[in-house]
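All chains are identified by letter, namely A, B and C, in their written order; residue positions are counted from 1 within each chain.
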Amino acid sequence: MLGYIGRRILATIPVMAVVGLFVFSLLYFAPGDPAAIIAGDQASPEDIIRIRATLGLDRPFLVRFGEWSWHILHGDLGTSIFTNLPVTTMIGQRVQPTVSLMLVTLVFAIAVAVPLGVVAAWKAGSLIDRLVMGLAVTGFSVPVFVVGYILAYVFALQLGWLPVQGYTPIEQGLWPWLSHLILPAVTLGLVYIALIARVTRATMLDVLSQDYVRTARAKGLAQGPVLFVHALKNAAVPIVTVIGIGIALLIGGAVVTETVFAIPGLGRLTVDAILRRDYPIIQGIVLLFSFVYVLVNLAIDLFYTLLDPRIRY
Amino acid sequence: MSGAPLLSIENLQVHFRTPDGVNRAVDGVSFAIGSGETLAIVGESGCGKSVTSMSILRLLPEPPARIAGAIKFEGKNLLDLPNSAMRKIRGNDISVIFQEPMTSLNPVLTVGRQIGETLRLHQGLSRRAAEERAVEMLTLVGIPEPRRRVREYPHQLSGGMRQRVMIAIALACSPKLLIADEPTTALDVTIQAQILDLMRDLKARVGAAIMLITHDLGVVAEVADRVVVMYAGRKVEEAPVRDLFRAPRHPYTRGLMGAVPKLGAVEHGGDERLAEIPGMVPSLKGRIEGCVFAGRCPDVTDLCRAYAPALEPKAPGHLAACHYAPKDALAA
Amino acid sequence: MTATVAPFPDRVPQAGAPPGGLPKAPPPPGLAVAAPLPDVIPVRKHRGKVWTYVRRNPTIVVGGVMLLIVFLMALLAPWLGTVDPTALAPAKRTRMPSAQYWFGTDMLGRDVYSRVVYGARVSLLVGFAVAFLASVAGLAVGLVSGMVRWLDGVVMRVVDGMMSIPPILLAIALMALTRGSVQNVIIAITIAEIPRVARLVRGVVLSLREQPYVEAAVTTGTRMPAIIWRHILPNTLAPMTVQATYICASAMITEAILSFIGAGVPPSTPSWGNIMAEGRALWQVKFYIILFPAIFLSMTVLAVNLVGDGLRDALDPRMAKDV
C-alpha cells in the first residue's frame, strides 16, 4: 500500500514536468522582448544586448528552464509585468472567491447529479430517464456563460431573488457569501451535473443488471436500499473517477462564470491577464490549476481502496 | 400432499416484449408444491424454468415482462399483492438461492451484513443481534471460523463457501418455500455433493418446501419428491420422481434421460449431463403451431405438427403432453 | 382464467385469432388437443421503414436536420435578408428587435440578425476544422505511440501532462501568445484536443495488437503500413468518428468562450461568441443582444451532440444503453 502511494506520487513528477515545460515555453515564445521594453524607446541595440545579458535572457533554453523551475519549487512564480507585484501575492488575493465557488459547485452538483443518474438508471427508458438524459445533453450543449446570463436575468434582474453580481467574503456572514454564489454555482455546475449524471446512469445500469442486485431484491429490500446501498456502493469507483476528471471542466468554466458574475477570483484574474498580456500571471495560474487537478486525481486514486474492498495495491 | 398446497401456479404466462416480437418465455404452466415437499423443475436452458421462479417472487422487470395467470401462495395470489406486501414475503416466506455464487453476493458488503440484513428487515433485529445470528447461520451451514468470516467480503471466500453463505441468507428467516435455481451447477463435483447434503439436512430441520430448478437429472434423482419437465415454456410432463425415472412418457423426457446414470447412482461422480437431443429449442417469438417438441421428436407425425397435444393424466399422478404417450387403463 | 396483476386493460388476456391463413381441419375424434393460449401482450402493427428508423434513432434524425438547417443558413447567408454584418450605423445603436431589425442592433448599430446568420460560418468552420485536424493529428500520435514501443512512454508522459491542463485554460494560454484570428483559434483548440484523441487511438491500437489475427499478421512479416491500413484503421474509425463529433461540439463552445473573454476571433468578425461579448456591457438592459446568438449557438451544439449520441448508438450497439 505504502509502496503504491509512493509510486503514484513519483508518477506525477513527469506529468508536472511536462506542464512546467509547456508553461515555461509560453513565456519563452511570448511575443515582445522584455529587454527592449525595460530599455525604453531611446535605447541602442547595444543597450538591449547588455540588458539581455544582465537579465540572463541570452542563455540557452534549458538553462533558463532549469533556473525557472528552481524558482517555482521555492514558491517564486515571478513578478507581474503589469502591477510589478509577485505573482504569488496576486494569486493569493484571488484564491478565496474561486475556491468558494468551486466547493459550492462541487457539493451542489454531486448532490443533484448522483440521485438524478440513479433514478434515470432505475427507470431506464421511462419519461424521467428521458428528461434526465435530455437535461444532460442540454448541459453539454449550452455554453456556461449563456446559462449564467439567463439565470442572472431571470432570478436576479427580473425576480430579484438573488444578488445580480459580485462576491462577499465568507467573513461577512454565511448567507451573504452563499447568496452571491448560488447562481454562479448553478451556472458552473450544469455541465458538471450533465457529466456526472450520465456516468452515474451508465454505471448504475450496468450494476443493476448484476446478480447481487437481484439477490438484494429477493431478500425483500425496498427500492431505496437496493439502489442507494447495494447498487450505488458498487458504482462508486467510476462515479468518483469522473468527479475527479470533471474538475477540469470546473476550472475552465470558472474563468467564464467569474466573468459573467463579476466575481474577483482567479478566473477573472486570468481574463485580465490575457487582455494585458501579463504572461507571468497566466503561467502561474495554469501551473496552479494543473497542479491542483493532478493532486485531486491522485487523492481519488488512493481513495479507491476505501470504496471497493477488492482493490488492493 | 393433503389439503391446499403451499404454492400453486395456475396457467402462468410470462411474455416479454422485444424489439422483434413477443417472446412467450412461459406459456400456460400450472403446478403445485405442498408444504415440506421437494419439487424439481427440469429442462434445457431457455425452457422457462428460471423465468417461472423469478415470476413467483415478482423479480422480473415489468415491462418488458408481462405476467398472466395466478401464483397462489397460502391461498393469496401473489400477482395481486401490492409491492409492500410482496417485499414482506421475499426473503421471509419465500427465499431464493441463485445459480452463481460468484456473482450473487454483493462484493462491497461484508458477509455478515448481507446475512444480517434479511434478519433486521424481517425480524426487526438490532445490528448487534443480527450479527450474532449471522454467526450462528454461518456455523449452521458449516463455515469454519464464523466469527472471522462474518467480517470478510465475498471475494475472500471460495465458490463453495459463497454458496453456503447464500444458503445461510436464504434460510435466515426460516422460509416456508425455498427456491433453489441451479444451486450446484457452478460448483465443483465434490462441492456439489456437499451442498446437496447441506440442503437436504437443513430442509429436514427448517421444514421448508423446496422448488429445485436444475438441468441435472442426477440431482433430481437425489433430492426430489416430484418432477415437472419443462420444454419451450410449457410443462410437458409431471410425475413422482420414481415413476418418471421408471417410465417416462414424453419423448423429450426420454431424450433427456438418454445418457444419465440410473436412479441413485450419482456417487460415482461421473458426467451427469443431459443427453444431446438433436435439433434446437424452437424460437419462442410468436405462437407455435402443433406440438412444441415436434421439430426434434424422433416419433413425430403429421398429427403432432397440426395439433398441440393436451396435458393429460397417463397414470396416477403422472401427466404428459403427447398424443402417443402410453396411457394406463387406471388413469382416466 | 384467474385475475391478473395490474390494472392495464390490455393486460387481460384476450383470445388471439389463430395465426396462419389456412383454416384447419377439425382434429380426429378422441384426440386430446390443447386449448389455444391467449396473447398476454397485444401484437403490434408494423409501420413503414422510414418511420421505424426515426423511432429507433430519434437523436440522429433530429440532430441531423437541425445541423442541416444551420449549414444552409451559413451557406446562404447573403440571401437570407441580411445586410453587411460589419456595417456600422452609430445613429441606429441598440435598437430593440423590430420588423426592420429582427434581432435588433448592437452598440455600434450593426444588425444583430445579420451578424448571427453570418456567425454560423465561424462556428461551423471552427467546429469542423478542429474536429478534423485534431482527429488526424491525434490519430498520428496515437498510432505512433501504440505501434512504436520505445516511443510510447515518452509520448504518453507528454500526453498526460497536456491532459492535466484543463483544455479551456490551455487554449486561453495559447491564444495569449498570438493575435486573435480564426486560424489561430482553430490551432489553439486543436492542440488542446489532440491528447484525448491520441489516448483513444492508442487504447484501440494496444487492444488490437493483442488480437490473434493482428499478431499473426505481424509474425508473418506483414509490413507496418499494411497492418495499420488493414487492421488498425478500420477498427479505429468508429470510435474516432464519435469522438470527432464531440470534439466538434466542444470546439464550438470553446471558440465562443475565447471570443467572449476577448481572446478569440477579432471583434470585427461576426461570431456568436463575439456578438455576446459585445452585448456583455449592456446585458442588464439589452438582453436580446446576448439572447439571440446564445440560442443559435446552443441549438447548433445540441444538434452536433445529438448526432454524436446517435452515431455512438448506431456504431456500437453494445454501448447503446449506456452513457
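Rule of thumb we're sticking to: a contact is a pair of C-beta atoms (placed from the backbone, for glycine too) under 8 Å apart; a residue touches a chain by one contact, two chains touch by 3 or more.
These numbers come from a predicted model, not from an experiment.
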| message | So with touch defined the way it is at the top, what topology do the chains form here? Options are line, ring, star, complete, other. | response | complete
| remark: Of all chains shown, smallest offset between own Cα centre and global Cα centre goes to C
| said: What's the distance between the Cα centroids of subunit A and subunit B, rounded to whole Å? | reply: 53
| Distance from the mean Cα position of subunit C to that of subunit B, given in whole angstrom | 48
| note | Expressed in whole Å, how far the mean CA point of subunit A lies from that of subunit C is 24
| note | By the touch definition above, subunit C meets two or more other chains at residues none
| field | For the subunit B and subunit A complex, residues of the former touching the latter | value | 57, 59, 87-92, 95-96, 98, 100, 103-109, 117-118, 121-122, 153, 155, 166, 169
| note | The residues of subunit C that touch subunit A in their complex are 157-158, 160-162, 164-170, 172-173, 175-178, 249, 253, 256-257, 260-263, 276, 283-284, 287, 290-291, 294, 297-298, 301-302, 305-306, 309, 321-323
| query | Quick one: in the complex, what on subunit A touches subunit B? | reply | 210-212, 214-222, 229-230, 233-234, 236, 307-310
| query | What residues on subunit B touch subunit C, complex-wise? | reply | 10-11, 13-15, 17, 22, 24, 27-28, 62, 66-70, 77, 79-80, 286-287, 289, 303, 306-312, 321, 323
| task | Please name which positions on subunit C make contact with subunit B in the complex. | result | 1-6, 11, 13, 16, 19-20, 24-25, 27-28, 31-41, 43
